[in-house]
Amino acid sequence: MKTPVIKTENLTKTYGGINRVDGLNLKIPEGKIYGFLGANGAGKTTTMKMLLGLTPPSGGRIEIFGTPFEENRIEILKKTGSIIENPSYYGHLTGKENLKLLEKILDVSEEESEKVLKLVGLYEERDKKVKNYSLGMKQRLAIAMALLRDPKLLILDEPTNGLDPEGIREIRELLKSLARKRNITVMISSHQLSEIEKIADIIGILKDGKLIFEGTLKELERYKKLKTTLETDDGLLGLEVLSDYHPKLLDDKLVFENLKKEEIPPLIKKLVNAGIGIYELSHEQLNLEDLYFEIIGERDEPK
Amino acid sequence: MQTVKRLGFCKCLEVEFLKLKNSPLWWAVLLLPLLSIFIGSGSYYLNNEALSGGAWYGLWTQVALFYGYFFYPLLMGIAAACLWRIEHNQNNWNLLGTLPVDARDIWFSKLTVLFFVAIISQVFMVALYVFSGFVILRFRAPLPATTLWYLFAGPVCVMAVASVQLYLSLKIKSFTAPIGICFIGCFVGLFCYLNGFWLFPDTLAIIGINATHESLPTFSEIIKVVSGTFFWVVLTSVLGIRDLHRRES
Amino acid sequence: MNLSKAFNLELYKLKHKYFFLSWLLLTVAPLAYLLYNLRTFSFSPHIHYASVELVYFYEQSEIVWLLALILPVMASLLISKLIDLENKNENWRLLITANEDFKTLWSVKFLTVFFLMELTTLLFYLTAVFRLHQILGAPIPVGKLLLSFIGLSGANVMTLTIAQGLAVFYRNQAVVLIEGLFASFIALISPLMPRWFCYLLPWGYYALNILATNESLGRGSDGIMNWKIIELYPNYVLIFGVALLFIAANVALMRALSKREI
């Protein structure tokens, strides 16, 4: 098995006695897009900061590119581009000048800057001062700055934040092509479940600092439940009659989990035989959003 | 169209004070007079034979000279910068524009806070001065009338500097630049003072603190100084409010 | 990254920022004041100089007053500008993840402001000394003046170390500016204070480098106070010793702050 690009063992970060990141065992393989999902405060940003050495971990180990992070920091960071929380920039300088600054630090040529500006679609606005950029443009600049060192790994904290749908699609396509064509590993965090769904090969779900799921979308779908809702005129009787199917009674409706399609006709027969009237039957598959909330153990309130 | 009920001056004032709630500014307001008096009294005690004039006047020269020339105006400069800091930093201008507040109320509430800072500082200063004179240095002479002048003229005259600084901090996004200008202004003010040009804001502040004349200023001098301060406050208020209006629209 | 490259980078960051103009204005205003005071010089019958050297030394003591006022405020203002560049928008993150060393950044910013402070001190010294030389024609006591200049440099190190520490530690730049206000105040009144006071606080070390002071001779028959100028001998061993301690403290502070979370 190929060594994962990012591997953490029991990664922990404690603030004021509470483990904001609790025993994380991440495995991010090369050339894949890893979607880091979690609510606000779940520990996504803290984890990413530890992976970049911006915050020292309270416990555990980090290995990036197969080597321990602490000892090979400089080499690792040379190949890693990142955005953490809000984009960083010098507002009084132009987009081009901001990149020029990075050029000087990273020892990179001017052509690279131009390439990267064109890649994110900021080439036309490169001579405008960044303080006058819109939020979306600032975000693009941050992505450009992350890409400038031709990285093998990208750690991006909500990179599509503030972009319009067009922009989100562009960045999504860009990240996908970088991963496929240049074998760059991308770790992105997001709240946008739909985004993660469209872009990630592997998903990691963080809740209260713990990694409660890590796997492909297909593996996640195994959690996908079928939900069958049956509205009858006598819910309590129905509960008794159909007890073999383990229904729950919610709002006077019978809810069944993972009922196969074939099981439905005999079920209806049973109800009819017991004299129970059926108003409505619906049979649906949970989408990723419902699934996500199921996994993190919260019910989504109907709006 | 329904006119939105404006929040009003008092509400603005409340907000401005809230902004300064945990500011390090209050340390300066507290400690600067304390230090001035402590050190000035010590200096008076050690050097009093070399000082001319009455005891109270001598003490005031030691206590208030540097304070009045530089540190009191600088304190106001920093306070003014603090008041606009939140608007500049968080790009609060859009927010400010959508709230039902009048530009006039915004400006005058900030100016009032500055006046409050000036008064507190000076009252504290004068109180410690009196305490030092009577209790620590055990002066026998009665408190001269000039003490009242210090109490009132100090804060009033320094408002010339304060209002100019408030305007500068509004126009200039940088926090430190207006303070740098204030500092240079202190020197220019001193220069003007020595050459009789009394209208410069810092010069008015120097006259207000009155650390070089033993007697009370004459009536005409008082009129001069108060009108000078009034001039700066009005000028900067007009410019400031106009600027705020433009930002709102 | 080596220092020269880091300086180059720092200068690039200051583009469109009028940083050096600020320094220039902060120096020129008081310098103009000094020149104005020195436009004429005459010997007052009430002030007695034992030697012509003492005229230079007494003038030096006057400029130390001015420098004591300006330099701490200048230190706070300028270092605040440099540090705030990085405090804004979490630019520290941008730099650290690009492998720019915090220690290099700290050193470069320190040295830039220190250099400017030294330049101001030098300009004051040169202006006063050469103007006096022009008027008096007397030989310049270079040795003692140079020593006092180095002593003042030590005070500059102390002032700037404290200012930079505060600017990095506290996001709110009002803190370092208020500290500058206090520092300047203490530096300014230190010459009036007893020696132990000056030794106690770092900003008092400006006063410790004064080369002459006046001593009252009592009032003359015309009722005006007479003064005698006497030479002062700064304890350079102590001054340099403490300055060296502060250099060590600076390095320690740099190391400690480099470990903070960004």
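Going in written order, the chains are labelled A, B and C, and every chain counts its residues from 1.
Quick note on the criterion: a contact is a pair of C-beta atoms (placed from the backbone, for glycine too) under 8 Å apart; a residue touches a chain by one contact, two chains touch by 3 or more.
Please read all numbers here as calculations on a predicted model, not as lab measurements.
Chain pair with the larger contact count among B-C and A-C is B-C, by C-beta pairs in contact.
Chain centre most remote from that of subunit B: A (centre = mean of CA atoms).
Subunit A and subunit C have Cα centroids separated by 53 Å. One simple way to say how far apart two chains are is to compare their mean CA positions; for subunit B and subunit C this gives 26 Å. Within subunit B, contacts with two or more other chains are made by no residue at all. Contact residues of subunit B toward subunit C in the complex are 23-25, 27-28, 31-32, 35-36, 39-40, 42-43, 46-47, 49-50, 52, 62, 66, 70-71, 74-75, 78, 81-82, 85, 174-177, 179-180, 183-184, 187-188, 190-191. Per the touch definition, subunit A reaches subunit C in the complex via residues 49, 52-56, 74, 77-78, 80, 82, 84-93, 97, 100-102, 104-106, 129, 145, 149. Of all residues in subunit C, those touching subunit B in their complex are 22, 25-26, 29-30, 32-33, 36, 69-70, 73, 77, 80-81, 84, 172-175, 177-178, 181-182, 184-186, 188-189, 192-194, 216, 225. Subunit C contributes residues 1, 5, 8-9, 12-13, 15-17, 85, 88-91, 93-100, 259, 261-262 to its touches with subunit A in the complex.
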